[in-house]
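Once you scroll down, you'll see the structures, which are given as structure tokens.
There are two complexes below, and they share subunit A, which is joined by subunit B in the first and by subunit C in the second.
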Partner chain A sequence: MKVICDRGALLDAINLISGAVAARTPKVQLTCVKLTATKTGSAGEVTLVATDAEISLRLRLAQVDVQQPGEALIPADKLRQIISAEDSEPTLTLETEAEVIHIKGQDAHFKVFGYQVNDYPPVPEITSVIAGTDGVKAKAVFTQNAALLSGTVARTLFATARENSRYAINGVLMKRDGKKLEMVATDGRRLALCRSTLAGGGDKDAKTISCIVPTKALTMLQRLLGNGDENVQIAITDNQVFFAVGGGAKNEAPHSVLSSTLVEGAFPPYEDVIPKDQDKKVTFDRDVLSSAVRRAALLTNEESRGVRMNFQAKKKHLELSSRAPEMGEAKVDISLAGYEGDDIEIGFNPTFITDALKVISDPQVIMELKAPNKPGVVKSGGDFVYVVMPVNLQ
Partner chain B sequence: MSWPGRTIMHVDMDAFFASVEQRDNPALRAKPVLVGGASKRGVVAAASYESRKFGCRSAMPMAQALRLCPNAIVVKGNYGKYSAASKAVFDVLRTFTPDVQPISVDEAFMEMTGTLHIYEKRWGVSGLPVLEKIGRTIKQRIREAVDLPASVGISGNKFLAKLSSDLSKPDGLKILDPRDAENELAPMPVGVIYGLGPKTQDRLRQLEIKSIAEMRAFGEERLVSRFGEQARDWLRLSRGEDNRPVRLEREQKSIGKERTFFDNIGDPEELRSLLLGFTEEVARSLREDKLTCRGITLKFRLGDFSTFTRSATLDAPTDSTKILWAAAADLLTKWLHERRGALRLMGVSLHGLSGEEQLDLFAALPAEQTQVRTSGKQKKVDETTDAIVQKFGRGSIKRGGSLRDE
Partner chain C sequence: MVKELVENSIDAGATRIEVELEQGGVELVRVSDNGGGIAKDDLVLAIAPHATSKVGTLEDLDRIATLGFRGEALASISSVSRMSIRSRTTDANEAFELRCEGEIKQPIAPASSPVGTTLSVRNLFFNTPARRKFLKTIGTEQGRCADTITAIALAHPLVGFVFRTDGKTQFDLPPNQTAQERALALLGSELEPEMLVVESDQHDSRGVSLWGLVGTPAIARATNKSQHVFVNGRAVRDRTVQHAIMQAYRGLIEPSRYPTAVLMLEMSPEAVDVNVHPTKAEVRFRDSSLVHSVVYHAISRALKAADLTPTFFTHGGSASNGSAPSAIESKLSHPTAIMPSPFQQPVQTNGPAQTEAFVEYLRRFTPGTDQLTFPLRGSAAPNDGENGAVSAALDGRATNTEEKQAGGPAVTNAASAQNVEGEVYAPKRVDRILQVHNSYVVTQDEQGVVIVDQHALHERVMFEALLARVGRGNLESQSLLTPALIDATADQLGRLEEMKPLLERIGVEAEPAGPRSIAVRSFPSFLFSRNVDPIEFMADLFSLTDEHEEASDAEAKHRLAHPTSDIPHPRSNERLLRDVLDMMACKAAIKAGDHLSDLELDELLRLREAVERSSNCPHGRPTTVRLTIKELERLFGRS
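What follows is the complex of A and B.
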């Protein structure tokens, strides 16, 4: 294999793919990235593949000068360091000699020991699960606009449990229901739900199908969804999910394909915890609320994390207060854009509120409440619902 | 008005436990008395002033105290008696001001700023005389109530008030005008500043800083560059400035349980079962106080007195024995993997205490439906065992794992 690549494009690709490279593994091949150089007519391209056995990523780098097609298996970390350090070079030459890879710039020559390409595990392909040619056939295949998908992921991903501890939900529920794509995430204390309409209107007769996508896979997917105009083809099998980003038009192949094993087990029955009988409705200016909560949160700490929210219906007024032992107290007063219902005093973890406000694009936010020990609901547009349990303040 | 600003009082009982023993047993009066466990691993809980002349101090290993003062009389603590005396003392203090902040069973701060004028009016005196009269009256009332000596310090803030009572001990009264503090403090050793432990004092000594005057002369920025932001606090205190408020309730920072073993223990199973017992106990006091905690720390001491701590932060505040035990067991397993050897002491403490409870979305759903390990069922187990302990006493119910062949 001998290729001449644009250094910037190669660096972007290797930075992305490093996320799928196994960090600690007894299997040394999994710390590598596999390069495949092909040539169709005069157009050359290089495909980069990495997998940590759970998540796999395949990136296509077009407009490469392929002088000799071939394959290579290179330690990803070393390759990334070299490409990153050669920052005065517009292009780099990569050339294999058996398992050794030579990387050449103007004044530098690196010789890196690689591994046998044959020892690399097979990485599943979206085309073969759609066609069912490898014995596994996708249960559902559908397409979504990249910007809409990215928005849906962003509005849910933040609500997943940070550690794999008390709650075994280390992923986001993804549900295709006719024309809609729904995602739900929870850490057991708050829950975010976001819906979007599938590209081309979806298929209203399609069977409802859902799966739990690992948090890590969605974090990586977000990095691939840069160009909002693209389409993303999604395929779900019994234990895997595929996201093919870009391509589609003129039979062009996608530039990135991410696949991941699914989180096993059942997602908690989230419909049951979305309250439907809230009797107080607050309308906020998003930025006003966000600023007030952030300021009140300044006087909270590990021991005392709750911010007290005192809603006064008559005055359409909200007083936020906090108190941290041995530190001090805060009080912030804001006016409400609208309030329906009786007075209520309720405590929330301020982070849980600001987290949601960060992903809302609407300048107006609705919060629905019932009682100090019952969940609050934040809504924006018709497609985002956020349920947050209060903090019992004493 | 004796000085502008606040008036804070610090009341400290002298050699509290030992004084109680001497009060109740005439044979102990004017003799060196050590209260504490007499076993070879015992620790001095209180040392009478007679024994302090020999260098005995509280928190010192009993064996060491007895080497310093072989004639000391060792008395096993009678904690019911001390807590009764403590309660009586606090009742006295609260008749002088409602703002009493207990620091321990035998020590308290009192906010006198708002109540001073009452005494000025009642006694027709002001300035220093009224403070002196308050101090004497408190000492006398404590004498009448429990027949025990106390030392009283009065000044403009907590730091200076405590410093004054320490300087006046035993059975003393000292009033320190905060405007004189800067001069009075200058020749004192830096160790009088709270939060400045022996290790830091050693480091300061290497810089030729022994007295507070030397510390001030060293310069704030130079100190901060070596010791970090905490040095600013030291300097503030070194000028006699301290604006901490007197809090009515002591904000509990941690709940802990530790034990020094009669013989060093290396057997993992035995340590596990002991730790389970400790964890049950601290979790129960957590629930008794209606608190949750965010963190857990295990403490290990080896035969050579080297001490280690291992901590974990919990995903969410909890008061559940099961969740705390899972974290404690995990820390113990990791510790055992370090293979450092048999333990002389082991302890567990809970921190990040809070009265807040983050409610659970799925608490109302049956656990098997949610596939998340909610604590609903565990809460019932905890509530039931707590009720049994309350009715039948400690040790009446325990987790199976903490039971050992005795």
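What follows is the complex of A and C.
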């Protein structure tokens, strides 16, 4: 294999793919990235593949001049460091000699010992699961606009549980239901739900299908979803999900394919959790509410982290306050226009509120409440519902 | 029996008592003293039942200050053995001897003997074979006698004791020892660095005064045999006192271990009834909760004031070479106090005159006197500090001298002197901190290398914070979207209702959900931020309450069986709360294996100084061990 690569493009690719390289593993091959150089006619390309056995990423790099097709398996960390350090070079030459890779710039020559390419585990391809050629056939294949998908992921991902032993909520539920794509995330104390309409109207007769995608896979997916005009083809099998980003038109292959094993287990029955009978309603300016909560949260600590929200209907005014023993107290007043309902005093973990406000793009948010010990709901547009449980303040 | 005889000698005002056993006392028990003696005419009376010289008037019965008073001992012993009493009173010219064999008494005959009484008992139970069968093996009987004499000797440091078995001297204690010397001589002087002085607060003791030595958690034992409790000089086993000791050590030792303790309680004879047990091994206090509180507070104070960090010895059991600064010293001397002082020179010249002075100095620390202040406690001021260093050195030196005179184990006194001479390194607060294997934190203090178990220390820190937080109000609780369901037994479901107040305090809301499960609706918010899972937590909480249930059952049974032991127990709910908080702290604390940044390490060590009882985690395991510079020097062959 001998290729001349655009250094900037190669660095972007290697930075992305490092996320899929196994960090600590006894199997050294998994700490490597696999390079495959191919040439069709005059157009050459290099495919980079990395997997940590759960998540796999395949990236296509077109800004290359393939002089001799071939394969290489290189320690990802070293490759990344070299490419990153050769910052005065517009291009770099990568050449293999058995398992050894030579990386050459103008004035530098690196010789890196790689591994046998045959020892690298096979990484499943989206094309084969869609076609069912490898014995595994996708249960559902659908397409979504990258920007919409990115927005849906962003509005749910933050609410997932971190290292929870209820394994199923360490991921985001992805549900395809006719024309809609729905994502739901919860950590047991709050729940975020976001819907979007599938690209091209979807297929309204398609069977409902859902799966739980690991948090890490979605975090990586977000980095791949740069260009909003692209389409993302999504394929779900029994235990895997594929996201193929880009391509599609004129039978062009996608530039990035992310695949991940699914989280096993049952997602909590989230429909029951979303309250339907909230009788207190108010619309906030998102930034005003966000700022008020943030400031009121300044005097909370680990053991007393709740912020008290006191809605006063007659005075048209909301008082937010916090109190941490041995630390101090905070009080923030904001005006309350268009509040419907009786007075209520309710406590929330302020982080839970600001987390949601951060991902809402609409300048207006709706908050719905019922009772101090009943969940609060934050809504934005028609497609985002956020349920947050109160804290019991003393 | 040995107890009775030795106590007789003490009641007779003896200052030196010799006890000899042959064949564990079955063959011969001989107790000789240099006390007041028994006059010729009284000899016959001495062995008559219920004749006693120790009660003069009826009122004396309410103020029993002598050890015996019933007049039964000699009478009953004489009826089952071949006994002889040879005695000479101070003002008599000759001694007389009374021999009797069972019921047969021989006439009193003149004999020769120094002033005092020698009482020999041969062939115990020779005429009652049935009783003889119930004597244990020679070894056991001898061990029991030794325990008895040890207890009596502890209580009477002013009386010299010699104890021989089959011709071998077991111990030979000089008269006129201080209580502390006596205790160390009997318990083993190698324990000295691990013993703390305990005394009651004079303002708060309401007629009960306490002096004693207690061991640090490091030398706690598996049985309570090393606890010696004396009430007005009488060795007793008392549940109230034992309980108070355990309470004071709560959270400092593992629950199955018993601290070493020698406690001398003094109170007016009216305040205690000694006549409740045949061998007077139990007493009944007029106000047992007062006794409990005096004991508890005195020990707690001593423990809080002390640096309980166990010192790490690389060699087994030879701690007695004094390579570690004694706990007593370290308690007394502020770090800055171990500086060279003008008083240093006199300390080193060890003239007899000074020894006398030291002995005199130590005399002041006898139990029962009103100024039991070690003048050095909490001596933070530089001035006091200097005195502290000197006194500490005096203390160490004088004790050593005493021991040498007593023919006890020779102790090198180099260590204590060196402590004064040696230049002491006083580390700054910001010192290099090393985390080893993501589990232990190594740093230094003025005594040497300090190794901290990060989980144990953080657990203790969290526990104290939680305890304080719960004291101010219920913990903040976060509601759950969907209740967490946990499996529960019918019994646990039944108990849920009575646990409600407790759960409320820690911020848990739970209710029965179906016949076999419990739904947790809300959960303390701080546990969430520590990634504690509600289901696991509740399961552990229930197993904890199961244990408590068993424990309180056992306690209830015990109370039924011993209706007299009116121990002031803290409400068992309160104890459960502490255990629950402990569990929360354990779950929320840093685990072994967690990497800590420098900042976090620094903070953790700062907390170590800020938190009470930081030397042990709430389970009682140590959080910190110390490797002293002395020990390091020894290891490297530099000492």
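Here, the second predicted complex is superposed on the first by the 388 of 394 C-alpha atoms of A that agree within 3 Å, B and C clash if a C-alpha of one lies under 4 Å from a C-alpha of the other, contacts with A are read in each partner's own complex, and residues count from 1 in each chain.
Assume a residue touches a chain if its C-beta (ideal position, glycine included) is under 8 Å from a C-beta of that chain, and two chains touch if they have at least 3 such contacts.
Small disclaimer: the values here were computed from a predicted structure and weren't measured.
When both complexes are superposed on subunit A, subunit B and subunit C occupy overlapping space and clash. In the superposition on chain A, A:310 contacts neither subunit B nor subunit C. Put subunit B and subunit C next to each other and count what each touches on subunit A; the higher total goes to B. Once the two complexes are overlaid on the shared chain, A:127 sits clear of subunit B and of subunit C alike. Contact with neither subunit B nor subunit C is seen for A:283 once the two complexes are overlaid on the shared chain. With both structures placed on the common chain, the touch criterion links A:265 to subunit B but leaves subunit C unconnected.
Of the two partner chains, subunit B and subunit C are each touched by A:387. Annotation: subunit B segment clashing with subunit C after superposition, chosen from 4-12, 58-66 or 238-246, is 58-66. Residues 162-163, 165-166, 186, 188-191, 268-269, 272-273, 302-306, 325, 349, 373, 375, 387, 389-394 of subunit A are contacted both by subunit B in one complex and by subunit C in the other.
Listing the residues of subunit A that touch subunit B in their complex gives 161-163, 165-169, 186, 188-191, 265-269, 272-273, 302-306, 325-326, 347, 349, 373, 375, 387, 389-394.
Interface of subunit C with subunit A (complex): residues 465-466, 469, 472-482, 484, 507, 509, 522, 525-526, 528-529, 531, 533-536. Against subunit A, in their complex, subunit B makes its touches with residues 244, 251, 290, 294-295, 314-316, 323, 352-362, 364-365, 369-374.
Of all the residues in subunit A, the ones that touch subunit C in their complex are 162-166, 186, 188-191, 268-269, 272-273, 302-306, 325, 349, 373, 375, 387, 389-394.
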